[in-house]
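In the two complexes that follow, chain A is the common piece, with chain B as its partner first and chain C second.
Right after this comes the complex of A and B.
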């Protein structure tokens, strides 16, 4: 029964929504509107032909489709292993598989530069591999988690009725898995479609997607009109994908992944299969990381920490020492985390009462909605009055917070929704005012989720590159920006410095994310 | 504290959940609110507690209208169906919650919590996590939590619903004894006739958003307001007399005696605890249910005589 609950605090809910909505209006909607205005404006000259735009949009689409297929191929065996079986270290696998996903794109790109031979490191294959590496967690956690939550008795029923293993898979299991498969595919497609750092680094000068071309036109050729037109194309496409993805994801709601206790241990040949899948997956996922660490340790004289020692020294590539960039990143990411927690958390409070629906999808827009577009929007929106903020270093944490806030929302909103309304009502009847109910019931019960959200937001802010590269100032580079500058310079020293910085960034981000995954009581954005 | 509910209307998406529900609970009285699932019992409780928007009607406490008084200022205790214990607080933290909200000082709070723990038989369990408690213990904590701030009225929403039979019966007896001793004004919702009769000084029978009848158990049993109430209470000897009239013969008023030359025959006999339920058919083909105490009751197939005590027969509207 859908009970029409009394308005405990409609007013305070509206108040909770006001601040984050104002924040989003100024720093998300306004820059976007500026882009739209610029893109549709008459008279501006665009050096870009329509055919060229179509060609780039087409390439963006099919590389995303291929990336999705490759990701499924890599992720599904692992999803099967964790979705069907209980084995020692299963939770460790689930946590570790998250690591590539939270690794900043620049780290992944640097790792593949280090891994692939000279000839291949700027190619479409390199891009596809990096995307698969990055997104395998999406498939494993969504499909595997859903698989583990499936009712096992339907398979048993089919077996009793005479269906062999293949028929059971095809006629019973796969149809039940369909929502998870489509949702994971849609998210992977979205992330690959809006991928920026990976394509910028691994694509080289010849390969361009919408995202990298916006950057190219805006930041290198200063053709703002063309960048705005490309942004419009990107905006419309991404919005469409986000709608589809959140629809598909919405179908997953209500299925719990906690039924994994009923999983059985692998027996006989299953042991062998699960074992080999784990071994191969681990090898494939560890390889790029190993290559990155190897590159950071390889010096002209052999193996050593030279590149790390050099991080403290002045360099011609940056206006600060590389360690200075690390310090900048930590400071900015801390600020961004606070902003993202406030914005995403308050928005979750305001929207949690509503059933999950299109509003949630809207909140997710910045998540897929390209970071580059956001950065570009900042540049043209805050370049002139009424909001002239161009010189402000604060734009960096604000941009990072906007990218991280949807993740906060995705962690906090389900936690809030999982609080049974009776608990709040019981508290109210025992004399707690609406505000007191928030403090006594909601806050302690979502405390863990908030901690988790903070960790993820921090990891995302640390690694944010697409938006940051636009607004970051030369004398205050962040870690990803510094890595990008080093990668852009020839020479083993610069490549080594990039690798060393990437290792530092990877360690920081992965530590924050894995800690968050633990603290959050397994509530993560995936 | 006297609780009055007048003509309550509640609608969910246009569909009526309560339709002019009215009842009174006298100070210190336990009223059992009895009805089938979905009849609006829980909605009525929520409306009284202020958790439910009203489409019409009033809730009065000692004559004062509660309209506009938010739930946290009503001083009404509610024990939820599945207890709704706060998972992040221990037993004492749950019980003392309401005292903390009303600003009772720490020492006095601890004293009252200890007192309540003793009252519900959980001495010394104050520091236990509520998630480690058994179903019966959780139920006791929920009761203690609701009683702690001395609510003006205590509402209970099928609190024994999820418990297994022996525990259910034991707690039922404890509750009845407790409410009588505390002189607490209580409104107790249940769908179980036995529970309602065991606990209620009076029982209100609810059907489709309305109160059909409120009376003490004896009166309800002997003079149900209509045939629907009679059937819901478990009365079976209902015979339609036409023109919307129904004759009810209470089973204990049907006297059955074994006689080889008896004109009636026993169709089946079942023992249920101390009593035996018999179904007999007399020479006219009329079937009646009878209840007998003790042992040596007639058995299936025995020939019997049937004598009906006129005091156990009542004619009511179909309803």
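Right after this comes the complex of A and C.
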């Protein structure tokens, strides 16, 4: 066989990687390096003792690890249900798990405070529970989506050979799932590691993580030197952890091929199991959301849609109507999704030929950068031509895409890797050009993953707050920024508007997820 | 998708593009997250001056100031608004502003002027005060506290929620209030007793007022005493969603600490003339009269009529607690450090 006809040459793969790498270099590495460099150059000694830094770094790491374990425990049963079975409402479940993920932490955290028993107020347990609640979507959608595409012949063979269900799960399915499991764990870990609002609101003033302490030092105490040192500690820790995790993934990953099969309906005792998993998970996930919906409907005169009707009216809190903020968010999130799909997708294409390794891990690094330092970096790095971008509204989708692109990569890359090389070779042998192979073999096969990634990216962009608030402008607030402004005012009307907007945000994210899943699914030949 | 992206890019380019060269066509106000101006007032400024007013909100009061310091010399805008007397020393030490003395200062009482060199112009004042949930106390036939001292009484145990002064401006103002009232080392002792009386400390105003305070509209909170503003009771009335004859909350007058917010022309501003016009406008009657119902603060200008809700429900403390900006500047960081070890460690 003519080896040179193999799909896309090394050169074109390198070319595919150039654009996304340049994007990350300009909008992540450069601003962050600028602000860290400025901080380190500042004279004087850091006010922060080494021991204190180590203590905070250690706490940050173990709470993130525990949060990840808890999220897996909550998410895996649900991932099994949606990854193995077809049932009515499956796509709704896949969309609903995204709701907690996009809701602004400040809003949900207050709902959490009201639901938690008082002795859990301001405790590590409250933080862990909140992290599991927020991140369960990552596990369910990434692992569940991958599970649905697994080739079941090996498992069926094991069953024929007499292996019981647990043994099949342990020895066949889990190794097959390894890429998705590590990807979901790594992302959950990173989100818990750098989480901000949850720590501040639920942890209380006695608990600090690297991210909250960086914010404290940079934005409040203006000790840029300490903030720079802590940012480096955070970035290095994150880099070390993701690289180790990716190498582990490379070692664990079996050759799992994607096959498109219809999911089976649950039978017999499976019905009971799937039913109870769905019931329990829905209850856990819905409770804080229901509290939020309740708040948005409770008015001064009882139950009603007053707060929703008010969203179309001028308000003294914003320069646009709340619906105007919704429109802004939709536009920005669409742009951000395109950027993230382009950046994450091209990187996945470029790296999919290699076995999963440390490069995969490094793609996650933008999630390990501190939002406040990146925001400060934007302000001082982009202040002169040719990169005079301060005050440009384009920075909003760029900031959102930085957070979303790693997700796209981590969802698309395993799907690309699981395509049987024989398929591409056969197509090439039959005379298909490399691009045609991409279009007619790869694209349909990763269509579902791309659709899922797009839904995720859109939801992330809609809900992104930490980086957006730094670059957003008063004339064009996004939805989470508008919610934040309403929360910052006293009065029942303002609090009601915040709750109503949060519900709108949740609905939009869920709708987008359903639409993206449908669009992606249609591409795949069933 | 591609077409959408293109359309979006074009829209954005049209939206943000303005020619940079030649006469400046806009003036940029850099300010904190709580800044609000009503639309007609903003339009009046744009019409009077022919300049577009762009507003950049860059974090809470502390973060916004620090971001302005970070961009010193090549600022993000022309005017900075939102330095308060608790943080002004930091801005003045760093030489962030150009001096400018607006004519309208004649109409502002001297007590609001902090900088004899006029690098900072006072715009509004608001008082940070304890707020109490009137209904909560009425139901239990308990009198709400009338002074700071009473907060350490056993009958008010577990009722107060405050903000961390290291992370919140009202939180800092309340600690300064206790310093002004009890002096040193009295204030430290007061906080020790307050801690023993189960004070709850949270990160910021939102968490304290909307989540923990029982008196806020739409809140599920359980604590009936909170650190907030003198203008919070009228805000509860204005935003109640129904007409109220009485505010659901009240202010503890003895606890009020004065906060003055100031504005200045940023050194290195691209549109310095426009910046001066903006400061003139902010001291003008129209903007000053808009302040109460937009930002829920009081105008510094004399003779500005207050809206009905403020006349009926707001209390302007006769003699709020005060500390000089210099004293705050010299001691702020030490006080916050001491407070942290007394209350949190």
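The definition used in the following text is that the second predicted complex is superposed on the first by the 263 of 526 C-alpha atoms of A that agree within 3 Å, B and C clash if a C-alpha of one lies under 4 Å from a C-alpha of the other, contacts with A are read in each partner's own complex, and residues count from 1 in each chain.
Simple rule for what comes next: a contact is a pair of C-beta atoms (placed from the backbone, for glycine too) under 8 Å apart; a residue touches a chain by one contact, two chains touch by 3 or more.
This one's a predicted model, so the numbers in the text were calculated from it and none came from an experiment.
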Query raised in the report: Which holds for A:205: it touches chain B only (first), chain C only (second), both, or neither?
Result: second
Query raised in the report: When both complexes are superposed, which of chain B and chain C contacts more residues belonging to chain A?
Result: C
Report task. Based on the superposed arrangement, let me know which partner A:511 touches: chain B (first), chain C (second), both, or neither? Result -> neither
Query raised in the report: Touching A:176 in the superposition: chain B (first), chain C (second), both, neither?
Result: neither
Query raised in the report: Regarding the shared-chain residue A:491, is it in contact with chain B (first), chain C (second), both, or neither?
Result: second
Report summary line: Residue overlap on chain A between the chain B interface and the chain C interface none
Report summary line: Counting only contacts in the complex, chain A reaches chain B at residues 1-8, 420, 422-423, 425-434, 436, 440-441, 444-445
Requested in this report: Can you check the complex and tell me which residues of chain B touch chain A?
Outcome: 12-13, 43, 46, 49-53, 70-74, 76-78, 80, 82, 84, 86-88, 97-98, 101-102, 145, 149
Report summary line: In the complex, chain A touches chain C at residues 106, 109-110, 113-114, 200-201, 204-206, 216, 218-222, 224, 295, 298-301, 306, 314, 316-317, 319, 331, 334-335, 338, 376, 379-380, 383-384, 390-394, 469-470, 472-475, 484-485, 487-496, 499
Query raised in the report: Quick one: in the complex, what on chain C touches chain A?
Result: 1-2, 4-5, 8-9, 11-12, 15-16, 28, 33-36, 38-39, 42, 54-59, 62-63, 66-67, 69-71, 74, 76, 90, 164, 166-167, 201-207, 209-212, 216-220, 228, 232, 235-236, 238-242, 293-294, 296, 333, 344
